[in-house]
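One chain, chain A, links the two complexes that follow: it is found with chain B in the first and with chain C in the second.
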Partner chain A sequence: MPSTDREVGVRIAVDRVLCTGHGVCARTLPGRIRLDEWGYPIVEAVAVDPVDADLAVKLCPARALYLR
Partner chain B sequence: MTIVEELERAGLTGRGGAAFSTAIKVRAAHDNDADLVVNACDGEVGARKDAWVVEHHLAELVEGARLVTSGRRDRVTYAAHRGSRTADLLTRAGLEVLDVPARYVSSEETAILSLLHGGLAKPMTKRLPFVYGGRDSLGKRIAPTVVLNAETVWRVSQVRRNGPDWFRRFGTDTEPGPRLVSVGGAVAHPGIFEVGSGVPIRDLLDAAGGLEPRVPALLVGGLGGVLLTTDEAATTAWSGPGMAAYGGSMGAGVIEALDPTRCPLDVVTDLVTYGAGESAGQCGPCMFGLPAVAESWAELARDPNQQTLDRLQDRLGVIPGRGACHHPDGVTRFVGSALRVLMPHIHEHVAGPCPLGRSRHAVH
Partner chain C sequence: MTGQTLWFISRATGTVSLILFTTIVVLGMVIAGRRAPHGDSATIVMGLHRWLSLGSLAFLALHIVTAIADGYVSVGWLSTILPFTSVYRTFWVGLGTLAVDILLAVVVTSYLRHRMPERSWKAIHWLSYAMWPFALIHGFAMGTASEPLLRWLTVLCGAAGAAAVAWRLRTTHADRERRALVNFQEWS
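And now, the complex of A and B:
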């Protein structure tokens, strides 16, 4: 997958202590976040569209997603 | 010259493993009026050098802490494992001691900060360095605090007393200064040695009386380090670039020769199982991923096959960089290096029982 860091966007990160593996972020940010075999997010690209990022942050049930 | 300027000229870097510029940390500590924690836990597997510093250079250690906190002794806390001789020595010297549980990740920088500020000795997500102050994941305020390794703080006092030029007489231009290494395991005379970056690892092993016969591999950097074959160790320099060639670093300065009486696959099984059990249980990729890695490794040692190998490699590929601290990164790095170094031996296991004729289930 080509690096998307150069695209316009905000940088998204996961607070790993707060994350409990609901997996919602993989649905709100498909192609950006996928889940590992235990259900925890793998951030494939940190640069995310600001509107998508805001929604994903808002919808994370553990409030574990944040913008850098 | 201020101590920050002297440290800058000396080029001192942290001796606890991360090798970050001490001048930058101390400047940030001054700018933010930060408290200091001197980490004397020797938390890495095989590490003994911080205990050595406390035992032999306590006055200079205290002096180094004074320099970092601009003379405010009440701003300094010494972290040591609960019940250790180091904790005892520090307490008897009348110093403020933070009793750290003797668990692997408890002496990680942010775990010490959490404990210091009334929380559990578990790592915190570091959104910004805590020298600026910050909050844990639940929003609790963490006052500006800087954590420095005990050897590092001792070096600070040496830089002040002997000057940056003296410091730079040791090591290389890019990795200056004397540094301690704990050499242990299957060597004739385990001990703590002071060297500069760039010395051959072979010299360090000679200083420790040499390897016992038939040592299968060396563990450099403990559970967060890498395995080297004895041939690699014999031809590699003790330096950042030397170790980087094998995916490692000088880390917290630990070299351990593996027990020649045991199958090295079993030794690795024990280490990775220990590492998995030492997860603080906070971050999913660590608390579930490391036990899965341990299970895959044990399966590979028991019944080597391609499918198990593939699964192990997949797991090693996705775990790093996904914890609040670097514990999952360290353990996966270690297992990856063990795969590389011990692959010939794994192939020998395919043919049948351990060809070294070593006990596969030694009591330890």
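And now, the complex of A and C:
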């Protein structure tokens, strides 16, 4: 897809095995990640601002967030 | 600066460090043990845990530098890193040094967490449970003899940390339980 090349930022992903459902990422990346009914993240948009992404990755208690 | 001033700064920054460490350790247990850790509070707790750890290093550095520069007693620069090398109150200073060594290891590995195996990170992070009592005992033995206020403050820190440990021991693995529940639900 050529359109993804023009998207600013980095791509975020969740390691579902490592994630312990702290829900921090839903606050550090609002509008990008929301939580399901059990408190586990659903990635709604993978492209995020690099600075936001960096903070979110650092603050994930289970280090389950990563950049692709 | 006179030795007296340095000694006061050293004691004050030592006290602040101990209060910060207690807070950080308690926050860490809250992160690890909360049953439903969603939302703003989880984010604030995690942010504080991380940034207070970094901030505490400044107070700790000042505490150490002033304690050694004081010169009234002989501690020596070597004992900033090597435990039990201080001439002055070898054991109690040594406990403080051990705490510093562990703290540095915990902070460094946390900044390199994404580049090392999770198990190693965790093993080193667990050493915090030794670091905090070392710091507490070091502070109690060295800085509070003639100061009831500091003595009570230290006891208060100890009580807060002990309460958190007791709570943490009774918490279960929230994630594992939730995953089990998810597995049990009916899938339509």
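Here are some notes:
The rule we apply is simple: the second predicted complex is superposed on the first by the 62 of 68 C-alpha atoms of A that agree within 3 Å, B and C clash if a C-alpha of one lies under 4 Å from a C-alpha of the other, contacts with A are read in each partner's own complex, and residues count from 1 in each chain.
The working rule: a residue touches a chain if its C-beta (ideal position, glycine included) is under 8 Å from a C-beta of that chain, and two chains touch if they have at least 3 such contacts.
The structure displayed is predicted, hence computed values, not measured ones.
By the touch criterion defined above, A:G39 reaches both chain B and chain C. Look at A:D15: by the touch rule set out above, it reaches chain B but stays clear of chain C. By the touch criterion stated above, A:V24 is placed in contact with chain C alone, chain B being left untouched.
Contact with neither chain B nor chain C is seen for A:V51 once the two complexes are overlaid on the shared chain.
Contact with chain C, but none with chain B, is seen for A:L59 once the two complexes are overlaid on the shared chain. Annotation: chain A residues 18, 20-21, 38-39, 66 touch chain B in one complex and chain C in the other. The part of chain A that touches chain B in the complex is made up of residues 14-21, 36-40, 42, 66.
Taken in their complex, chain C has these residues touching chain A: 31-32, 36-40, 42-43, 46-47, 50, 113-114, 118, 174-175, 178, 181-182.
Looking at the complex, you find that chain A touches chain C at residues 18, 20-24, 26-28, 35, 38-39, 57-59, 61, 63, 66.
The part of chain B that touches chain A in the complex is made up of residues 123-125, 127, 136-137, 282-286, 288-289, 292, 315, 318, 322-324.
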